[in-house]
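Structures for review follow.
Common to both upcoming complexes is subunit A, partnered first by subunit B, then by subunit C.
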Partner chain A sequence: MNPAPPTQTAAATAAGVPARLPGPPPRKRFQRTWMAAYFFLIPYILLTLVFFLYPFFNAVVLAFHQTNGPYTRVFVGWANFAFVLGDPTFYLALKNTAIFAVFSVFLQLPLSLGLALLLNQGADKIKGFFRLAIFSPHLVGQIFVGVLFSVLFVPRYGLVNRFLHELLGWGLENRWLENPALVMPAIILTALWMYVGFNMIYFLAALQNVDQNLREAAMIDGAGPWQRFLNVTLPAIKPVATFVVVMSTIGSFQLFELPYALLDGFGPANSGLTVVGYLYQYAFNTGDLGTGATVGWILALVIFIVSLVQIRISQSMKGET
Partner chain B sequence: MSPLHFTLGLLALIFIGLFLVNPRQPRLALTYLRYVLLCLAAATILTPFVWLITASFKSPDVLMQYVFLPPLPDINFDTINLGNFRRLFEPEPTPQGQVYFWQYIFNSLFLASATTVIQLFFCSMGGYALAKYNFPGKTALMLFMLGSLMIPGMILLAPLYEMIVRIGFVDTYWALLLPGAVTAFGMFLFRQAIIVVPDELIEAGRIDGCSEFSIYLRLVMPLVRPMSGAFCLITFLASWNNFLGPQIFIHTQAKLTLPVVLTQYVGVYTQQYGVFLAGTLLAIIPPAILFFALQREFISGLTSGAVKG
Partner chain C sequence: MISDFPYGKAPFWILVAAILSGLVVWGASYLQTHEEPDLIFATFAQNHYEVYREVIPEFEKKHGVRVQLQLVSIRALQSRLQSALLAGTDVPDLVELVNPSMGYFTQGPLEDVGFIDLTDRIFAEGLDQRMVWERFSIWSSRERIFAIPHDVHPMGLVYRRDIVESLGIDVDAIETWDDFLEAAHIITRDLTGNGVIDRYALDLPSDGNWALRGLLMQQDIQMFDQQGRLTFNQPATIDTIIWYLRASRGPDRISFPAGWGQTFSRAFNDGLVVFVFTPDWRTRQYQMDLPGLHGKLAFMPLPAWEPGGRRTSVWGGTGLAITRQTARPELAWELAKFLYLDVETAGAFFLQSNIVPPFKEAWEEPEFDEPNPYYSNQRLGRILVDLARQAPPEYVTAYTELTHSKFSEVFLNAALHFDRRGETGLREYIQEELDKAQAYLERIMARNVFLFEPAQ
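Right after this comes the complex of A and B.
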């Protein structure tokens, strides 16, 4: 529309780039300044080519090779996949990770939603304080949380043990981090402390966008609090809830740092080993990067399938409500 | 009856009392219940932090003897002192010579700040290009970026390590700074913020003879300051808390960062919890300061997106 002033292509001509590329004439919707866009995108394009696309394709190649450190590789075909899929330790890691993901979705997220519902009605000042307090653990990294909680779970003296003893008269001598049966509960409790507020923020944002008129209309029609929640609030926050469930699952399946710091390794009898921990062990302790890449692909496939199922379930629930 | 049971019982009794005052319309009782539950949740969340602070200053002899602080008559320099910190800052012998804890704090600060500055620059540049230009291949690029967001980063761990070793970046900070210098996530964030900047403003800048780059730097960037503040906070936190990167790529002790060193200390100071707890306390102070400094920009960044979007 507007004739472009000459300064627009200054950057392009200064760089010695022809104003027009050979080939089909540029369509009208492209402004004459579009060469500048490429200049702004140079860092992303270059760095992505080198540090994302190349390793990504190399991950395919690596999965079919056995390596001993970064310099030697031998082609082994599907042997890596056969090894990983036949390894009981891998299934233990997958089981631990799946348990963690299930508790993230069915324990942590309902609590997050509950806290968000409690917070949603309060006055702004009070809301700000509680939101900050409950969100605060997320500022601390998984490693620091793991280190801190490794002391909170100490038998007899740890804060968690003392608290449980005071409250229930049970668990003072629990060896949370040494008893294989208690390792996963310890990880789940720690993650609960760390992430309940983070997910709450998303639910809170969703709740604040629920149409108040709809709630009032339901109230006038005689719907009780529980019915209002089920028929008005829940459908309204469903998109965000689906997002939080999927993101939380994806994050859970990539769990590594928290148990690694909490247990100073993978726990007794690998009771705290996760899939990424398994990957880490092979790729960087054993030096078999090929197996590491293979585990990466299997994990990506698992995450992909689980997220797809979750999105499908969420879509099918749309029909009911 | 323990004090904990007593408190909880008292809170429950007050609730029942408020409920009985007006059982048909228990609004007061419900409001009370809400605040009690919120206070309990906040207390549960904040207690480990309080415990961490007291534990860092307690002498190793009494660390586990008292839950939080010793009773007032017992507070003196034998129970509450800086011994843990003194021990933490003692020089540590390594094959490359003595290393002080200061070094790790400095390394972490340097890496997190450098990553934040570089990402702020590159991501906002990319976001500006995506928001305000039409260029051939734009749709394809954005689809590619969306796809790259969905790929779990763990696939790249092994091949990236192989590449870093082969190009000789291993044990240098290039291995940490370059792969994380720009993210699709950050570019999308800046695109969302910049897309609402009026086109007339950019056009006016062009007519006044600004170069495309100075339009971006002098006109657009000041307008998305709240977003930039929030972005800096997110990036700084991610880099500060990054463990896998330094753990895999950095071998020299003196170049390590706080998360890696603290996991080492858990193994080294097995019975001296106070030492690595003091280290952990120091490690969560910088992000906390940054969060409180940028909190206003953080929240206004979030809400401005919500209002306009």
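Right after this comes the complex of A and C.
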């Protein structure tokens, strides 16, 4: 163990040289540091107040009003909540969003984990290339991906239908974005391409932190690959997996830009309408910010409950293991 | 100096950056306020922008003022403009709006509308007579007019003349949609015998959408009336939906949804679709996007629903509004009239855009009689002007987009019924769906305390 280096003052005293004058007395220095910290925090505090706290509390007020812009409003009590909760279109949007969230968790995340497991083995250079290739769709943004896939899904000329026709002799005129039954699969496929790589990075980071000694010990004890995955890898990455599941669910409930760009709206018969799309429709298409704020609060509540349930389930599973 | 700064180097440079950027912002705004134009005019259409850029210097010279012309995103001219109007932040003096956005701007009390009420000026100057009156409807709310129309946008069919002539079809003999269906069944063919249709007569979107609404307007069936009441629920609507379903689905279909952009261009170029619904503005798009079809296309009026019936409909629309915040409303009104009511400007604009203005005096300009070689030397301007005289009105409200969405839902449910059960019970089913859609929309509209008295 190396001895700790002498401090400048102690070394100077030992050499017979007078020590450098110390700074201001501790109390004054503390005050100055304290003030400096707040000085540099002012922009952040201001931005938070103006763009987070004020809109947050204003949204509560708005939810009880019918509005026409920021100055004209009429108090309507709980009428906005009663309207939204009695509106079949809201439940359609909620259903669409829930379907997307379920597929995000049960299709997208297992695929991400599978890819992460594959990329956690093999040579570093190959790993690096595929990591970048699979992650890169996330870099281009939802609008770009939406527009790109709207071309890929075109009947007769689109790449997806051409591929299906060449491979299966079927599907040349599939109207992915015009047939209500095919709209949600099209959104899920598009999101899959975009987000699989993003979630894979989380899983990959978690996998790289799994204790190799445990894996080796399991191998020595005769555990097969599946048993090692179930009993060593999965428990080790559970905190990250919980995080990814919760964040993915929250992200799914906030879905808006991707279907909006893909469908250039909300699709036939609102088959691509999500809860945030429904919020947008009221707040910005019909200009009723009050109803928009109400939908926002209901959505926040739904996300809170779903996340709580997921975390509870994860905790109970932790208790079992 | 840096070493003397008590909080270290990084905070020092942060402070320097903050001061510098503050100075730049202040300097830029200072310069901007010292170069302010007399009027700011925002448009969203590139072709409008090009024409205005050429003619506005004449206006500037005549009035000794400076006009700043801005080309902005179409989306910026709806929700962002409305937010700015209502919040009282800076907005242009004049703006060109796209239909059906006026419904959005007039959703609140009339005194909250961010545009100057032009009704009295329009009547005082006789514009209700000098312009196509039906086109004011999309810029009106509660019988007040907030913009002047830029165009009529009469709709007809553009077709592949080369293909139609090679099949021996005489388009002049097509007067009604029944006549068209006869010709359509000759055109629609599997040319290679592989079981896949290679040529369809008509481009129809599979979700109804604009084409179905255009066909309804041709028969004077509107989504709303002048007072903003729903009017789509009529027996003729059911007939039209059934006609559309027969044309677009099932074994006897004669149409293909060619879509937009490159997909459409490819389908039209390949002859996958032969006839295409085309308002005046779209004729120019083909000229730009499909140079290979030069001389192979021609324009015809829409077939009528009954002999002697209306041969056109409308699709789209632009209007010019003056914002209430303008400091010079009279100058803005002069500019609006200069751009929209000058016969020479209108003629020049037609040559660049193929768009028919609603200003009737301009229709006598020679530009409207020039043969268009792209359209097989037809006098496209004259054909469009003749159709413009028959243009139906269109009424919009804040609920227009929602109504379109709901109407599309009715159509798609009817299509699912048609796919499963054919025409058995179809009429009754569509009636039920229309009733449901109307009840839903009325419930939503009744909530608007600014437009209607709340239900007791």
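One rule holds in what follows: the second predicted complex is superposed on the first by the 287 of 321 C-alpha atoms of A that agree within 3 Å, B and C clash if a C-alpha of one lies under 4 Å from a C-alpha of the other, contacts with A are read in each partner's own complex, and residues count from 1 in each chain.
Operating definition for what follows: a contact is a pair of C-beta atoms (placed from the backbone, for glycine too) under 8 Å apart; a residue touches a chain by one contact, two chains touch by 3 or more.
Keep in mind the model is a prediction, meaning the values are calculated, not measured.
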Joint occupancy of subunit A by subunit B and subunit C, clash or fit: clash
Which superposed partner A:Ala133 touches (first subunit B, second subunit C, both, neither): first
Subunit A residues touched - subunit C or subunit B, whichever exceeds: B
Partner chain(s) touched by A:Leu172 [first = subunit B, second = subunit C, both, neither]: second
Which superposed partner A:Pro55 touches (first subunit B, second subunit C, both, neither): first
First, second, both or neither for A:Phe284, with subunit B first and subunit C second: both
Touched partner set for A:Val232, first subunit B, second subunit C, both or neither: neither
First, second, both or neither for A:Ala79, with subunit B first and subunit C second: second
Touched partner set for A:Tyr157, first subunit B, second subunit C, both or neither: both
First (subunit B), second (subunit C), both or neither touched by A:Gln142: first
Touched partner set for A:Ala36, first subunit B, second subunit C, both or neither: both
Segment of subunit C that clashes with subunit B, given the candidates 38-46, 344-352, 362-370 or 398-406: 38-46
Subunit B and subunit C footprints on subunit A, overlapping residues: 36, 40, 69-71, 151, 154, 157, 284
Residues on subunit B engaged by subunit A in the complex (per definition of touch): 2, 4-5, 34-35, 37-38, 41-42, 44-49, 51-52, 55, 64, 67, 122, 125-126, 128-129, 133-136, 138, 141, 148, 151-163, 165-166, 178-179, 181-182, 184, 187, 203, 206-207, 209-213, 216, 237, 240-244, 248, 259, 262-263, 266-267, 273, 276-277, 280, 283-284, 287-288, 291, 295, 302, 306
Residue ranges of subunit A touching subunit C (in the complex, touch as defined): 32, 36, 40, 66, 68-72, 74, 76, 79, 83, 88-89, 151, 154-158, 172, 175, 178-180, 265-266, 268-270, 281, 284-288
Subunit A to subunit B touching residues, read off their complex: 2, 4-5, 7-8, 10-11, 21, 26, 29-31, 33-41, 43-44, 47-48, 50-52, 54-56, 58-59, 62, 67, 69-71, 115, 118-119, 121-122, 129-130, 132-134, 136-137, 139-144, 146-152, 154, 157, 159, 162-163, 166-167, 193, 196-197, 205, 209, 250, 253-254, 256-257, 260-261, 264, 276, 279-280, 283-284, 289-290, 292-293, 296-297, 299-300, 303
Subunit C to subunit A touching residues, read off their complex: 6-7, 11, 14, 79, 82-83, 85-87, 104, 107-109, 112, 196, 205-207, 256-257, 259, 262-263, 266-267, 272, 398-399, 401-402, 405, 408-409, 412-413, 416, 440, 444, 447-450
